[in-house]
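The two complexes that follow have chain A in common; it is paired with chain B in the first and with chain C in the second.
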Partner chain A sequence: MALTRRQRIRATRWTVYGLSFALVIGAAVTVDWPALAGALFKVDLIPEMFPAVLTQAAKNTLIFTSLGFSIGLVLGLVLALMRLSKVRAYRWFAATFIDIFRGLPALLTILLLGLALPIALGGWRIPGVYGPGSLAVGIVASAYMAETIRAGIQAVPRGQMEAARSVGMTYTQAMVFIVIPQAFRIVIPPMTNEFILLLKDTSLISVLGVTAQTKELTRFGRDFVISSANATPIVIVGLIYLAMTIPLTRLVGQLEKRAARAR
Partner chain B sequence: MGVPAIQVIDLHKYFGKLEVLKGIDFVVQPGEVVCVIGPSGSGKSTLLRCVNRLEESTSGRIIIEGDDITDPDADVDKLRTRIGMVFQQFNLFPHLTVLRNLTIAQRKVLKRSETEAREVATAVLERVGLTDKIDEFPIRLSGGQQQRVAIARALSMNPDMILFDEPTSALDPELVGEVLDVMRTLAGDGMTMMVVTHEIGFAKEVADRVVFMDDGVVVEEGVPAEFLVNPKTDRARQFLRMVRQESESDSQPSTP
Partner chain C sequence: MTLDLPADEMDRLYGPDFPALRGEKQMKRGSMVAFTVLALVLAACGGNETDSGAAFDTVAAGTLTICTDAPYPPFEFQADNGTWTGFDLDLMSKIADDLGLKMAVTVQPFDGIWLAPAAGTCDLVASAMTITPERSANALFSDGYFDADQSLMVRDADIAKYPDLPSLAGATIGVQTGTTGEAYAEENAPADSTLKSFDEPAAMFLALESGDIDAILQDFPVNAERATAEPGKFELSQSFPTGEQYGFATSPSNTALMDAINAALAKFRSDGTYKQVFDSYFGG
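For the complex of A and B:
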């Protein structure tokens, strides 16, 4: 039977539609909707989560994120400059550091700093209730940011460094006043992406032992699930994550569009 | 004569295995305007970039007003403040306004006060005729205006000399004139200038001396009236004939 190309495409499409429809209907009939809703979205549980889910959990997530991002930014910039250094030992150190922390799972780095380090150092802990968690996600982020920042620095035309040096600036002055400010403009969109990834990675900090004071969203949700024997808290926490990440993702899109237009 | 502004002694430069400068000896006296001409790939831009050590020479010495800039222990940053540089691609700082382009090095390198730096910036902008653009960003200026700001940026450091690396080559033909005018005025004010250029007309009118380079060596040099009219070497004669033909074919459409 000879079908034309157009007929073939249409036939395939209707088959897919038909199968999908059958699946939806099948699910609708077989699933016990009230039970599911009761488990995932039990309305009378929700007020119990508030306001702590915002004033404690979301706040802590944001604290871990901003501390981690600050650490990552500073460390990432230092690593990027080391990668571009004339000194071979600096380049080698930065490359190794980046390889290690990009290669390790973030969860492992968190366990390393939060659990293994105190054991190894005879009980000495990274100070601050937010210290170990923020430092761990910051270090992981720095390894990724270093490569982004390095690419940004290298995207600044060589003539900028030359012009700065030709008016007598030192290498450091030229970097600080001329090259890095231009590099940062270039890397704003990818860095916003790093911020989103970091925000999500803070959920891994939930594996560390925490006090009520430092519970972030994921840990808060998990503990609430256990105490209430209901899955609703995870859904609520998920919605809060989305409320933070989706606007940021949209912002990256806008920034990228603007950068493309400026070029 | 006193100490030369620039003295180049037996300068060699390799890029990998390729020898681009094959023993250059060459002097610029204070107040002198020297134009360096030659075919592309002759090493003239490399020579210029060696003078303020943007390019490291392989061997030989370059003495700036008595100080050896090729000495590994030389304070290159300090020496560079005496040597202005104007680039083919302008290289203005795009994230800074014209004013900040002119004041940042004065503030950070010469440690001048904000007020003084601003005064100097205004004065040099006046010399290049762009005081009204002081608060603009470079991207908003035409190529010719950007290059004039770049000249002002060099001037803002009160240099003893300025190096020009093909300052008009990246410009649309109608914008070349305004940049050459500024350079002509500078030369008239007694600025020491070393200019790598393809503008034979400018060399003829403004230069005290023309240096012709080809294949990494100085082939011939002389005062423009002699060299440009009656070159001694075949290579120079050939090059000048070629350049003249080009510039004639360029200017034909505009002549009625």
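For the complex of A and C:
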């Protein structure tokens, strides 16, 4: 071939553009747009979903998420510190805990905590209507967060701890006031991921059964699909999930930029 | 897998005029006439779709693909050797044989399952599904093939505390999402009781055992099967004749397939095949 390297790159690029264009045109011509809109975006169904989809479903999703995230964050931090501890029993416990709950599907953990545990414990259950579901997604999240936080703590330069100790701080003081705050700044981006994963995992909680009080977004959408025989509600709740997660990722992106400037 | 509750227990639960589950009532005379007429009309039309399978389309050639929410004993479940069985699927496999088709099973969650044939997932739903006007708006139902009665099941220890639905005031009642049991509970449960809806019966049984809910309101045979399978754990406290029936469902446009299904059902009703399958699950 007599093409130069630059010509080859250009030829490849134009082929990709051409194929993509052909695909888009092909889709635009073959898809029955009014039928698609009727199936996925039936406008007259949308007002029926409001305001319950926000005041009830989205609210419950946020309650499960915030409870779960709080539990996950505290538990994850404790587990991370245990993983880094000098005490072998702590390290062993944390490693086992993380292995189990990172390895189990979230759905199984939810079923185990919500339904199997009360049977095993003779009827004692995790209190609160939001309790079992939030605790289960929180525990799953904590297993992931523990490893993230541990990596964050280890990424703080050793000199920080040494300097803190040399000015007379105890190990605990140095951890709490010097190392952990810096570690958290490092782990903000991966923690945003954890938050979003947890937000989506709350859609599994409905396996424990939902009352009118605890119905979250996914369940709400599915129930609405059944009563309307149309897929529009799924699209709407999908958009609401995105309306929660996309601004969050943008906000965290801004925070990161500011943090980077401050450094 | 048969329901062998003693006769007096059946009468207590069901009332003496509801003998269907003892295998006594096979069909109403009126529907027998209707079936016969339908069969004659179909025969007169001269289509031999039941032999060739050519008069209707199936999603996979030569195969009758069934959507079902399994396991749901005694209606649909897998035997120890992995074959699909249960009242619905035994009946359906005989119907498929009659149509000259192989039967394939696709498992789907119950909620919204009647929309699956129209979506092209399968040809037909056989899932202990009650014929309702709401569902009929988006699916074509066969003639009824089973009395769809509801019942209430509680923990054995609570049978005196919760003898019937009104006694569950302030308690939590488990139902399966999208079922007629859920609709029945919404209409008839005491105002201050809480309804908790589940995706599948398995989680519901665990929730009842764990004390998360106090009762399960769902199809009579399913509760009865569980109460019989685990004596001393759960007990039926009340049952509710609804006058409704289970039906098979296809896509609203697939009238050719539905005609063939109805013809086969009518044939099985009259030649004793239906009774034989019925008795193997609910007889004696």
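Things worth noting here:
Here, the second predicted complex is superposed on the first by the 211 of 263 C-alpha atoms of A that agree within 3 Å, B and C clash if a C-alpha of one lies under 4 Å from a C-alpha of the other, contacts with A are read in each partner's own complex, and residues count from 1 in each chain.
Simple rule for what comes next: a residue touches a chain if its C-beta (ideal position, glycine included) is under 8 Å from a C-beta of that chain, and two chains touch if they have at least 3 such contacts.
All of these numbers come straight from a predicted model, not from anything done at the bench.
Partners chain B and chain C, brought together by superposition on chain A, fit side by side with no clash.
Of the two partner chains, neither chain B nor chain C is touched by A:Asp99.
Contacts of A:Gly159 after superposition on the shared chain: chain B is touched, whereas chain C is not. Here the smallest spacing between CA atoms of chain B and those of chain C, following superposition, is 48 Å. Residue overlap on chain A between its contacts with chain B in one complex and with chain C in the other: absent.
Partner chain A is touched in their complex by these residues of chain B: 52, 54, 77-78, 80-81, 83-85, 87, 89, 91-95, 104-105, 108-110, 150, 153-154, 157. Chain contact summary for the complex, chain A toward chain B: residues 157, 159-160, 162-170, 173, 177-178, 181-182, 185.
Only residues 111, 114-116, 118-119, 123, 125, 206-212, 222-223, 225-227, 229 of chain A touch chain C when the two sit together in their complex.
Remark: chain C residues 111-112, 115, 134, 137-138, 172, 174, 177-178, 194-199, 203-204, 206-207, 209-213 touch chain A in the complex.
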